[in-house]
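You will see two complexes here that share chain A, one where it goes with chain B and one where it goes with chain C.
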Partner chain A sequence: METTLPALAERLARALGDEAVITDPVRLRTYECDGLTNHRAMPAIVVLPESAEQIAAVVRECAAAGIPYVARGSGTGLSGGALPRTDGVLIVTSRMRRILEIDVPNQRAVVEPGVINLDVTRAVRPYGYYFAPDPSSQQICSVGGNVAENSGGAHCLKYGFTAHHVLACEIVTPDGELVTLAAGDPGYDLLGAFIGSEGTLGITTKITVRLTRVPETVQTLLAAYDSIEAGGTAVSAIIGAGVVPAAIEMMDALSIEAAEASVACGYPPGAGAVLIVELDGPEPEVAAQFAEVERLCREAGAFEIRIAADDAARALIWKGRKSAFAAVGRISPAYIVQDGVIPRTALPQVLASIDALSAESGVRVANVFHAGDGNLHPLVLFDDAEPGAAERAEEVSGRILDLCIEHGGSITGEHGVGVDKARYMPRMFSDADLDTMQMVRCGFDPAGLCNPGKVFPTPRLCGEVPGVRKGPHPYEGKADIF
Partner chain B sequence: MTAPQDLPEPVVGSPGATPPDLLGEGELPKLLGDCVHCGFCLPTCPTYVLWGEEMDSPRGRIHLMQQHAEGTPLSGPMVEHFDRCLGCMACVTACPSGVQYDRLIELTRAEVEREHPRPLRERLVREAIFKLFPYPARLRALRGPLRAYQKTGLDRLVRRSGVLDRLSPSLAAMERLAPPLGRAPRLPERVAARGERRATVGMLTGCVQREFFPGVNAATARVLAMEGCDVIIPKSQGCCGALSLHSGRDEEARDFARRTIVAFEAVDVIVVNAAGCGSAMKEYARLLADDPTWAGRAEALSVKTKDLAEFLVDIGPRAERRPVPATVAYHDACHLAHAQGVRSQPRALLTGIPELTVREISDPEVCCGSAGTYNLLQPEAAAELGDRKALSVRATEAELLVAANPGCSMQITTALARQGTRIAVAHTAEVLDASLRGLGAGPLLRRSS
Partner chain C sequence: MGGPLDPLDALAKVCGDVRPGEPEEGVLGVTPRFVAAPGTVAEAAEVMRVAAEQGLAVIPRGGETRLDWGLPPGRCDLLLDTSRLDRVIEHAAGDLVVKAEAGLTMERLAEVLAGRGQRLSLDVPLPGSTVGGTIATGAAGPLRLLYGSPRDLVIGLTIVRADGQIARSGGKVVKNVAGYDLGRLFAGSYGTLGVIVEAAFRLHPVPSAHAYVTTRVPDAANAHEAVQGVLHSPVAPSALECEASGDGITLGVLLEGVPEGVAARATRVADLLGPGADISHEPPAWWGAYPDGTTLIEVTAPPSALAEAPAATEGTAPADGAALLWGAALAGVEGCQVRWSASGKGYVGLTANAAEVAEVLARLRTTLARHRGGAVVRYAPEGVRTADDVWGPVPALTLMRRVKAQFDPEHRLSPGRFVGGI
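Showing the complex of A and B:
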C-alpha cells in the first residue's frame, strides 16, 4: 500500500511529537534552500529529530513508504547538497547539538551531527586542543555537514580535510539501521567512502572527531602586492622552499574591497592582492621558517608586510578573509561562489584566463583562494534584478570550471558537487567512472531514496543495467574489481 | 480620562506629514536583498539557540518577510515567528553582509500592527503594557500598592498559588519581574558640577529606571557632577518611546520622540543610562526622517545622545577612583552592545576602579531574554533565555552583576532567584558612584535583590 505524504507526516508526528514535524507551507518554505540560493525546492515535510533513534525511525518510515529524504545541518552548504525534495522529507539535525564526550587523553570527542564546528573547538580549547577543519562558515556549519561534504578550510593545506579528523561515524543506513563505521577497521574503508558522500549513503548521527593539540606558537603575516601574479610567485616560492604553512590564502582587489566594506579589516590600501601566510608549530621551527617566508614574500615584490603582533591582530587579518564570501553581498546584489581546483603552478595562467573571461563577458569576478593547494573560490558577481544577468554569470561560472578541468584540476575543492555541479561531472569523468561511483551508492542505498538527485547528473535505479549505451558494458569483464 | 500629570501638551507632527508607508517605496525589497543566506547570524540568535529551527532564526525570519513581500498574506504562524524575535540585534553584529535586520523587523512589526488582527486576550495584554510602562506617573501610581503587596508577603502567597499563571502568563511574568521597591527620591532639575565645570549635559531619567531603579538615576547624576558636569534634568521629559518603537507602534513612538526632542532641545549632550532608551533616541533621526518639520530636530537629538559609559570615556576620568574590592560580572545589554556598539567603554570604566575585578560572562552576545516587553509577551522563551544567562552569570562566580539596562537587571535577577541564587546587581553608574564617593563595595553587595 502506498503511503501518502500526509499519512507519513502523521506517522512521523506520532514518532517524534507534533512539535518536531513541520507541514505548514509558510514554515516549510524557510527550508527551501541552503547557503546556495539559486536552487530552491520546498520540502513536503520537515522533521527536527533530537536523537539517532529518531533519525533512524524517520528513515525507516521513509523507506517503508518509498519517499525520498534529505539530511540538512545548519543549511550553509554552497553546492545545494541539502536541497530538499518537494516530494520528500527534510531531516534537519539542528536540534542534535550535544557534545557527548570529551576524551582528552585519547584526543577525541564524540559529538552529535548538529554540533557547530567552532563549538567543538570552544569546548576543548581549555584543554589545549582544537578541531582542525575550519571552513569559513565554522561559526555556524555543523559537524554532520562537514562529514557529508568532507569540508576543508584555510588550514587544510597542512592539516587535511574533515576526513583526516574523523575517527568514527555512527550512521543510519538507508534501510534505517544504526551502524558504526570506524577508521582503521579491517576490510574496506567504509568510513572513507562515507565521508564526503554528500548525504547520499546515509545520515551520520554521532561523530567521533580527532582533537588536535593547539600549536605551541602561531605566526601570521599579511603581504600586499600590486598584482595577483606577484602574489602567486610568492606562493610558489614558499612551497618550493619546502615550507608547509598552516595556511596560505590570497584575495584579489575586488574581494578585498568587499571585506573592507564588511568588517573594516584594514588591509593595505591600493593592494591588487593580499597574501595571508600562517605558520604554526614548535617555536624555533616557526621562527626560522617565518623569517624565510617573510624574505620570500618581499622578494616576490610585496610592498607592505604586516606581522600579527598578537591574537587580536591575527583575528583581524583572518576576519577579512573569513567573511569574504558573505561580504561580497556589500558590493554586488547577487553572486555565485565558485569552487574549483587547479595545480598550484597553473595559478597565474588560470587567473589571467579568468580575467580575460571577465573582461570579455562584462561579468565581474572576485577571487579568493586557498593558494597553497590551488583551491580557487572565484565569486561571480551579478545583479539578479537585471534580466539575463544570472544566466551570464552562470555561463562565466561554468567556463571557470572548464578552465580548471583543462589545467588538470577539479570542479570542486571543498564545497561538494551537490545539485549545482552534477551537470559538470561528465566533463571530468567518463560514463564508466560515473557508473562505478553509482554502483557504490547502490551498495548503500539500492532504493535511491537517500538524497537522490545529487552528485550524479543522471541518477539511475540500482536494478537497471548500467549505461544504456552502444558498445560493450563498461563493467564487462571488470566486475571482479568491485 | 485625564492626561497623566507629567505629560507635556501633546506635540503633533507637521500637517501633511502622514506616516510614510514604510513598506512602500522599495525600502523593504532592497533591505531584504542584502541577505545572502549565509547563516552566520544563526548562532547568535537567542531563539535559534533555544529551538534550533530555521523560521525562528534571523535568516528564516527574513525569508518569511520575503514571502510576505512577494504576496503571501500575514498568517498566524508567520506572525508568531516575528513576535518571537527579541529584537536584540545580535544578528546585526554577526552579519558580514550588512543586513539591517533591526530596520527589517521594525518595518515588519509596524506592518503586523497595521494588518494583522490579534486575538482579544493578546490585544488586552499589549494595550495594558503600552498604557502603563511608557508613563512614569502611572508606574508611580503602581508603586504604593506594589510595595504593600511585597511587604505584606502577599507576593509569595500569590506566586505559590499559581493563580496569575493561569489567568495570564504575561501578568505572572510582570509580577515576578517587579524588583523589590524602596523609597524613590526625586531628583532636582539641576545638579551643579563639582569643581571646575567641564560640560553641561541633559539627563534622561527613563520610565522603569526612574520608578523602579531610582538609585541608578541618583548615582548617574552624582557621577556626572563629580566628573565636572552640570546636569540638567528637565521635568517635562516623559517616555522616549523605545518600547513603542521596538514593537512596531510607530505613531506612538513618533509622538514620544517629538516630546523628548522638545524637552531636551536646550542642551548640547543628552546622557542616557538605560540602553533601550539610548538606542531608541539614536534612532529618532530615522524615525522622523519623513517629517519635514521634525527631521532636522530629530537628527540633532540623535547626534547628541550618548550612553553614560560612552560619554564618561569620551570626557575622560577626572575624579579620583577609590577602591571597590569586588569581583563583578559585566553583562552586555543588547541595546548597548549590538545597537549602540558600546562594549569597551563600560569595561574600561569598571577596570579603572582600583581593586575591582571584571569577569566576562560566556556567550555575551546572546540576549538574556528581557528585550523590552519580550519577557512580558513571550514569558516562556524569555524565562528559558533568562535561565541560560543566569547559569553563565553563576559560572563567573562574581559577587556583583553589573548591567546597564533596567530590563536586563530585572530579568537576570528573576532567573537567578528561580535557580535559588541571589546576587547583588548594580548599574555601572552605581559602581562608579561607590568608587568616586569612597564607599567601598559594602553598600553594593549588601543590596542583594
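Showing the complex of A and C:
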C-alpha cells in the first residue's frame, strides 16, 4: 500500500505527538525558505523532533514511503540548502538545543544539532574555552547547520573551518539508522565526507565539537588606504612576512559608505579601502608580531591606523565589517550577496575585472572580503522595481563566479552550493568529478531521498537498490495535497 | 586485430614503464604479477583503464615505507608505482599553497617549500615516503596537535578511479566548500578507493624560532596533571608528546613562533612542568619516531585516559613507564614502548606473541572505550596479524562497505587490506 502525505502526517503525529507535526499552511509558511529568500517552497509536512530516535523514526517512515525529506537548523543558510520539498517533509532541529556534555580535560563538548553556535561558546567560556568556527550568523545559526555547510568565519584563516573542530557526529542514515562517525575510529573518514555535504548524506543528531583555548591576548588594528590595491599590498606583505593573523578583512569604498549609513562606524573619512587585521595568541608572541604588522601596514601606504585599546574599541572596529551585508540595504533597494574564492594573490586583477564588469553593465558592486584567504563577498546592487535589473544583477553575479573559476578559485567559500549554485558546478568540475562525488552520495543514500536536488545539477543513478521504488514519484504533481 | 592482449602487453601499450613483478616486491608476501610506473596522470589513468579491462587487482605503491601497514591483499596483479609522478606542479608561495604529484617524496617537497620559508605542517616523514602514501595512510606526527593530519591540510585532490576515470575535488584555494570533499575521504583509505595522483595542500610559514621543553614524570597521575596544565594554559604548544618505556615517562612540549615569544613561552612551560624541566633547541631522541617492536598498535586515547586508575595490581615494575599508562593496560608486557600525543593519538610498540598481543589489545580497548578511544594493529608479524582482530569495532562499517562498493564495485583495489575485509 502506498503511503500518501496525509497518511504519513498521521503516522508521524502518532510517533512524535501532534504538537511536533505541522501541516497547517499558515504555520508551514515560516519554513518556506532559508536565508536565500528568492527560492521558496511550502513543505508538505514539518516535524519538530526532540530526539535522535524521533528523527530516525521520521527518516524510516519517509524511506518506507519513498518521500523526500530535508533537514533544517536555524534556516540562515544562504544557498537554499534547507529549501523544503513541496512533496516532502522538513525536519527542523529547533527543539534539540541541549548541550549534553562539557568535557574540559579532553577539550570537547557534545551538543544536539539545534544548539546555536554562540551558545556553545557561552557555555564553555567560564572554563577558558570557545567554539572556534565563527560565522557572522553565529548568534542564530545551529551547529548542525555549521556541520552541513562546513561553515567558517572571519577567524578561519588561522583556525580553520567546522571540519577542523568536529570530532564526531552521530547521524541518522538515509536508512533510518543511528550511526556514529568519529575522527578517531578505524576505517574511512566518513565524518570528513559528511561535514560539508549540505544535508545530503544524512541528518546529524549529536555533535562532538573540539573546544579551543581562549587566546591570552587579542590585538586588532584598522588601516585606511586610498585604494584596494594599496590594502592588497599590505595583505601580501603581512603574509609574506610569515605572520598568520587570526583574521584579515577588507572593505571597499562602497561597502564602507553603506556601513557608515547604517551603523555610523566612523571609519577614516575618504578611505578607498579599510583593512582590519587581528592577531591573537600568547601575549609575547602577539606583541612582537603586531608591531611588525603595524609597520607593514604603514609601509604599504596606510594614511591612518587605529589600534584597538580594549574590547570596546575592538568591537567598534568590527562593527562596520560585521554590519556590511545588511548595511548595503541602506544604499540599494535590493542586492545579491555573492560568495566566491580566488587565490589571494589574484585579488588586484580580479577586483579590476569586477570594476570593469560593473562599469560595462552599469551594475554597482560593493566588495567585502576575507582578504587573507581570498574569499570575496561581492554585493551586487540593484533596484528590484526596475524592469530587468534583477536579471542584470544576476548576470553580473554569475560572471563574478566565472572570474573566480578562471583564476583557479571556487564558486563558494562558505555559503555552500545548495540549490543556488548547483548549475555552476559544471563550470568548476567535470562530469567525472561530479559523478565521483555522487558515488559517496549513492553509498549513503541510494534512494536519493535525503535533501534531493541540492549541490549537484543532475543526480547520479545509483544502480540497483534493493527494495527502492523506481520511476516517477507517486505524488509528483500532487504536491498541493494539503 | 587479434585476440585479447596479454595483460603485460596491454599495459605496455599505454605506459612506458611496465615489467613483471619480483618476489621482493611482494606486499606482505603477495607477489605482484606486474609493476607499472606511469609518468603522467594521463598514463596512470590509462593503466587503470587497462587494469579494469583485464580485471587486475591493483595496489598503489609510494615510497614503500609503510606498504606493510594493514592486512595482506587478497590478490595483487598490478603494483602501480607512483615514483615517476614526482613533480611539484605549482608552489604558489604568496597563496601558501602547493600542488604536487603523488609520487613526490615528502623530503623533496619540504626542500622546495623551505626555499620560500614555508612548510607543509606534517612532521618530517620516514625517508622516502611520498605525498600519496602520506595521504593514503593519514600519517601525521607530533604537529597533529596544532595542525591536524593530512585530511586537514589537503585542499584539493586528483584521483584515478578503479575504472580509469580521472576525478578532482576541492581545488587550490584554502577556503572552498563546493562539492563533497574527497580529500578527507581518501585520507587514510590505504589505496582501497582509488589512486591518488595529485594533491594540493595549504602551507604555513616556517616559524622563525622553536624550543622543546622536556621533563621526566614519576607516574601516570603526574603525566596527566602536567598534560592538563599545559593544555589549559595559554602557551599554545605546537605539539605535546609523551614517551613511556622501561626507562620511565617523559613529556615533551614543542613551542614555535618568533624568538621573543618562544623564549618567554618555553620558560612558562618549564615552570608548569616543575623543577627538572629542560629547554632545548633539539628534539629528544624519541620525538616523532615509531616505538620499537615487531607489532605496532595505534591508539586513540584522549588526555583523560592517561590517568585511568590501574585495573589490577599485576606485578608491575615501578620503573616501567609504559605499564603505568591507561589503567595499566600494558602491565606485564616486557619491552613495551609508548608514544602518545595530546592530540589523542598514540602508538604502542611491542615484541610479543599472538596471545600476548591479543591480551594487550583487549585491555587497551576496554580501558580506552571508556574515553571513546580504541586500538588498531598497524603492523604485526604474520602469526599475530592473522590471530587477532586488528581493527577492533568499526561503528560505521555498513556505510563504508557501501561507499567502497560505489568506488570499486569489483573489489580490485587493494582487496582485503582494510577494515571489514574491504
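Keep this in mind: the second predicted complex is superposed on the first by the 462 of 482 C-alpha atoms of A that agree within 3 Å, B and C clash if a C-alpha of one lies under 4 Å from a C-alpha of the other, contacts with A are read in each partner's own complex, and residues count from 1 in each chain.
As a convention for this text, a contact is a pair of C-beta atoms (placed from the backbone, for glycine too) under 8 Å apart; a residue touches a chain by one contact, two chains touch by 3 or more.
Remember, predicted model here, so these are calculated numbers, not experimental data.
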| item | value |
| --- | --- |
| Partner chain in contact with A:Ile400 - chain B first, chain C second, else both or neither | neither |
| First, second, both or neither for A:Ile116, with chain B first and chain C second | first |
| First (chain B), second (chain C), both or neither touched by A:Ala288 | second |
| Chain B versus chain C as contact partner of A:Ser262, first or second or both or neither | first |
| Of chain C and chain B, partner touching more chain A residues | C |
| Complex interface listing, chain A residues touching chain C | 103-108, 128, 149-150, 152, 156, 160-161, 163-164, 168, 173, 177, 179-182, 184-193, 195-197, 213-216, 236, 239-240, 242-244, 281-289, 341-345, 370, 373-375, 408-417, 421, 425, 428-430, 432-437, 439-444, 446, 455, 462 |
| Parts of chain C lying in touch with chain A, wherever the complex brings them together | 92, 94-97, 117, 138, 148, 151-152, 159, 161, 165-169, 171-185, 187-189, 193, 204-208, 228, 231-236, 257-258, 260-265, 300, 302-304, 344-345, 371-374, 376, 391-392, 394-400, 402-407, 418-420, 422 |
| Chain A partner contacts - residues on chain B that touch it in the complex | 33-40, 42-43, 48, 51-55, 59-60, 63-64, 67, 72, 75, 77-78, 81, 94-99 |
| Parts of chain A lying in touch with chain B, wherever the complex brings them together | 22, 24, 26-27, 29-35, 37, 48, 74-76, 92, 94-95, 97, 114, 116, 137, 139-141, 261-263, 323, 325-330, 333, 335, 384 |
